[in-house]
Amino acid sequence: MAHFINPKAEEILDKEFKVLNHGFVRLVDYMGGDDAIVQAARVSYGKGTKTVSEDRTLIRYLMRHQHTTPFEMVEFKFHVKLPIFVARQWIRHRTANVNEYSGRYSIMPEEFYVPDETAIKFQSKSNKQGRDSEEVPPEVRKRVLDILIEEQKSAFSGYQEMLDQNIARELARINLPLSLYTQWYWKIDLHNLFHFLKLRMDKNAQYEIRMYAEKMAEIVKSVVPLAYEAFEDYVLNAVTFSKQELQLLKKYLPQNIEEKEMEEFNFSRYEKAEFLDKLKKISQL
Amino acid sequence: MAHFINPKAEEILDKEFKVLNHGFVRLVDYMGGDDAIVQAARVSYGKGTKTVSEDRTLIRYLMRHQHTTPFEMVEFKFHVKLPIFVARQWIRHRTANVNEYSGRYSIMPEEFYVPDETAIKFQSKSNKQGRDSEEVPPEVRKRVLDILIEEQKSAFSGYQEMLDQNIARELARINLPLSLYTQWYWKIDLHNLFHFLKLRMDKNAQYEIRMYAEKMAEIVKSVVPLAYEAFEDYVLNAVTFSKQELQLLKKYLPQNIEEKEMEEFNFSRYEKAEFLDKLKKISQL
Amino acid sequence: MAHFINPKAEEILDKEFKVLNHGFVRLVDYMGGDDAIVQAARVSYGKGTKTVSEDRTLIRYLMRHQHTTPFEMVEFKFHVKLPIFVARQWIRHRTANVNEYSGRYSIMPEEFYVPDETAIKFQSKSNKQGRDSEEVPPEVRKRVLDILIEEQKSAFSGYQEMLDQNIARELARINLPLSLYTQWYWKIDLHNLFHFLKLRMDKNAQYEIRMYAEKMAEIVKSVVPLAYEAFEDYVLNAVTFSKQELQLLKKYLPQNIEEKEMEEFNFSRYEKAEFLDKLKKISQL
Amino acid sequence: MAHFINPKAEEILDKEFKVLNHGFVRLVDYMGGDDAIVQAARVSYGKGTKTVSEDRTLIRYLMRHQHTTPFEMVEFKFHVKLPIFVARQWIRHRTANVNEYSGRYSIMPEEFYVPDETAIKFQSKSNKQGRDSEEVPPEVRKRVLDILIEEQKSAFSGYQEMLDQNIARELARINLPLSLYTQWYWKIDLHNLFHFLKLRMDKNAQYEIRMYAEKMAEIVKSVVPLAYEAFEDYVLNAVTFSKQELQLLKKYLPQNIEEKEMEEFNFSRYEKAEFLDKLKKISQL
């Protein structure tokens, strides 16, 4: 048996997918694919037959029931170029491996994040941590861009001058702004990557990291299409109702659903039973 | 300022709560309580006022939005006595600290798990990994208990004989059955403890580990009542619907809910908006 | 660019390497090799030239200085069949991914660990957790084997009878002995694998897990020869002296070493300086 | 039994220990002390007597043999105020819990790290990542300080202007320099804290993070004096020689040491045997 080759991954391997003005995401290496999830799950649950449709059913079952360990058997390694303020949010995901470009060893290149005009927004009124959707007048945008660009230039020229004076690199860099680009290798398993995507594709995530998450989601989708589809159906596009919300909704929700009503929605046999269980649970709240 | 003392925790500290026939759970130490969650969250989100009702609202907000890091600031240390087959499921929770009694250093005491008669069940017909609810005839139960007890005696007598021959303890123990009791210190933060409880209080968890999880849930509830209440409302008693289920339910669900209809369910201001957002999201599926 | 192929890994991929009487270790998949370590390190430290001898020097530098993150960029996935008492020690290494055969879903096959006669030893007199080296008389060995084998048969026959009675698998299995074989997929990065090997190849590790560790070390050595060589020189065959030991040894150790005396030991330029630093540090204790 | 109170910890609880120009470290809470290490170890190794001198011997044994799990049973929670470039190095320690002040929610105060004149150094000639020890001429230092302070002022005034324009906080902050102070709650177990201290008190660590590590080391030393002493003797002040270094040193090192020669160095009984084992191992290289 040869090493597992995933043709969908091979196609995009090493391609730079642009993000923001200077950033990119690049898939450097991977281990496994949908097959590896199924292979690992079958160690636990026994053999069974192995058609593609059964693989899909199994993967969806695992995702739905939070049997997360088989998803940990797939690994992705990315090369990412990103502004430091994005890197600071990203690094909070601890179950990953990182090698970052070091400003102690190396000289930082003069590359800064400057937002598109359309990404410049006012403080959100309803959300303490976000941006408003209202459009910002052109002259304000212009002023913001001027402030940002001018400051980036002057900060870098100070850095440059200290380097020219032979000041230690680890010290010369301390005034560089958070909008400076850094880069890193970032390796993570699929289960933890899905968790990253869930949090960082969320509308409450900062716009800039969301751009990275969305690009990576496309890559993940093409490398593990079955797992990604299950992630979409059971996580991204799912809705969780609290106990109180369910108590309110109880009067609207049916206590039972006819078999044939479920037909068109392509539920698996297990899924039907689980759905009816949920409705029953709610009716008893 | 003195060390944080949680009176509700102090009351139960060091008490043995019995589980199964010889097992127990005992809270050995703790760090923090509901207050510590709020304290940590306020580092991130800024000061604000600090009434108890606002603490509750904040904790519920954090739980609902999976802002999990403040819950990691509370720590529990348990002393647990449990059968080895339960320990094998338990140890899969990796984000915890463990010191287990060692059969290489010490002689294992002769204490085995023997199920209550009522816990002896047939293989489930619908669930590959579980027990049926159907009652098992008394003579079969009797036979099962005889097999278990007899085998436990004979395994321990073999162990004893090898120890008497001065065979290395690490070798003499290899035939001891999985029903033997072991014990350990187990330390975990509240976020990961909630995750443990969620998975191990689930009806699909094996009965024996569920007994431990339920006992620990009582302890947690008394030590961090606000956090536990939020866990019940937004996790334990919540229901998640998949994209397909929502497509089906769409026709039943209202697209909007009157403010006053939400009144009796005690939603916070944010919660109301989030609820309406969910309904809107569903109506657009 | 195509997916990284490591010819040394490809050769042994999927081969079963026998361990103990029924066990094995099998490399199922891998990501990266010595190259990937260098590639990740160069993100941090900048480009430089790339001859093989420079790769070796870099890898040795990283190992020596506990710059562990580049080693995390290489991943191994093993399929392992092992006795449960070995699995219980193994699983304590938390930074790994596991999918184990489940006795709740599936019927356990009748395969038990029975030690080679020569592996049967008395309790160590000097080491509370180990075996003595003294030979055990043949009649005692014989008795130990008889006890083990007889017990394994009777435990399995009890298991079989309960399964025949249709008792739930999760319950029927509770009396199975720790010498029963289980199996799992186990995935880990190279840094954590080295840590595992260090602890489990140690003479204080139990003989049975040491057999697995040694077999895996051979596999690792052939997949990442440069990293493994560094691991041998700077970890496995290194010696750490405590402050008190160094105070005693101070009078024996030289305060300096001539350049040409170091020549034959193939130190890199950095290594020479670091060595002299150590001697200087000791002379000042 | 009441909650474990460590009088040495209580004394310093909540005190701000100054670090750098505006930073501090503050012990907010803790769980356990030297006693908790011993307590956890005794679950594994059996009871035994419990004099203080035996506790010390046990703790030293655990440290020497890298039996790390009992040290994980002690927990520290710190409140730290630190420049962002220090936070970026710190956060690489993944086995910890963090809640950081958020520049998306809150306005960053105008507090910047400005180095002491004496901390301004040239790039090291021998160490790619460090500072030279050579003194920097006063006029160069002066120029560096001017660049830093001027830039900090202008960056903050740009930030202020954008906030005044009601630009979203998450965007306005992107040009703030890495020398800006942030703060966080940081919780970690003692084993991982020792690892942090080892790496960050090292002479190769950047000066600024070293100042924090050294302050925290003082705190740790006063809270767990026995564990810290063991850490000093077996880790901080220990020296590891590689295989090649030992081959060279072999001719200098004795093959044996008389019992009475070891007397004055206060070795435990085990330690003596281990020391002789090391010398024997080396003589056979």
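A, B, C and D are the chain letters, set down in written order, and residue numbers restart from 1 in every chain.
By definition in this document, a residue touches a chain if its C-beta (ideal position, glycine included) is under 8 Å from a C-beta of that chain, and two chains touch if they have at least 3 such contacts.
The model shown is predicted, which means the values in this text are computed figures rather than measured ones.
Participant: Going by the touch criterion stated earlier, list every chain that contacts chain A and also contacts chain C.
Facilitator: In this structure, the chains that contact chain C and also chain A are B, D.
Participant: Quick check: more C-beta contact pairs at B-C or at B-D?
Facilitator: B-C
Participant: How many angstrom lie between the centres of chain B and chain D, each centre taken as the mean Cα position?
Facilitator: Roughly 34 Å, centre to centre.
Participant: Taking the mean of the C-alpha atoms as each chain's centre, how many Å separate chain A from chain B?
Facilitator: The answer is 29 Å.
Participant: Which chain B residues touch at least two other chains?
Facilitator: In chain B, 45, 98, 102, 105, 128 touch at least two other chains.
Participant: Which residues of chain C touch chain A in their complex?
Facilitator: My answer: residues 1-5, 9-10, 13-14, 28-32, 36, 39-41, 43-46, 69-70, 72-73, 75, 77, 79, 97-102, 105-106, 183-185, 187, 189.
Participant: Within the complex, which stretch of chain C touches chain D?
Facilitator: Result: residues 45, 64-66, 126, 128, 199, 204, 232-234, 237-249, 252-254, 257, 261-262, 265-267, 271, 273, 275, 278, 281-282, 285 of chain C touch chain D.
Participant: Which chain C residues qualify as touching chain B in the complex?
Facilitator: For this pair, the touching residues of chain C are 83-85, 88, 91-92, 94-95, 98, 102, 104-105, 113, 115, 119-124, 128-132, 136, 140, 143-144, 147-148, 150-152, 154-155, 158, 161-162, 165-171, 173-179, 206.
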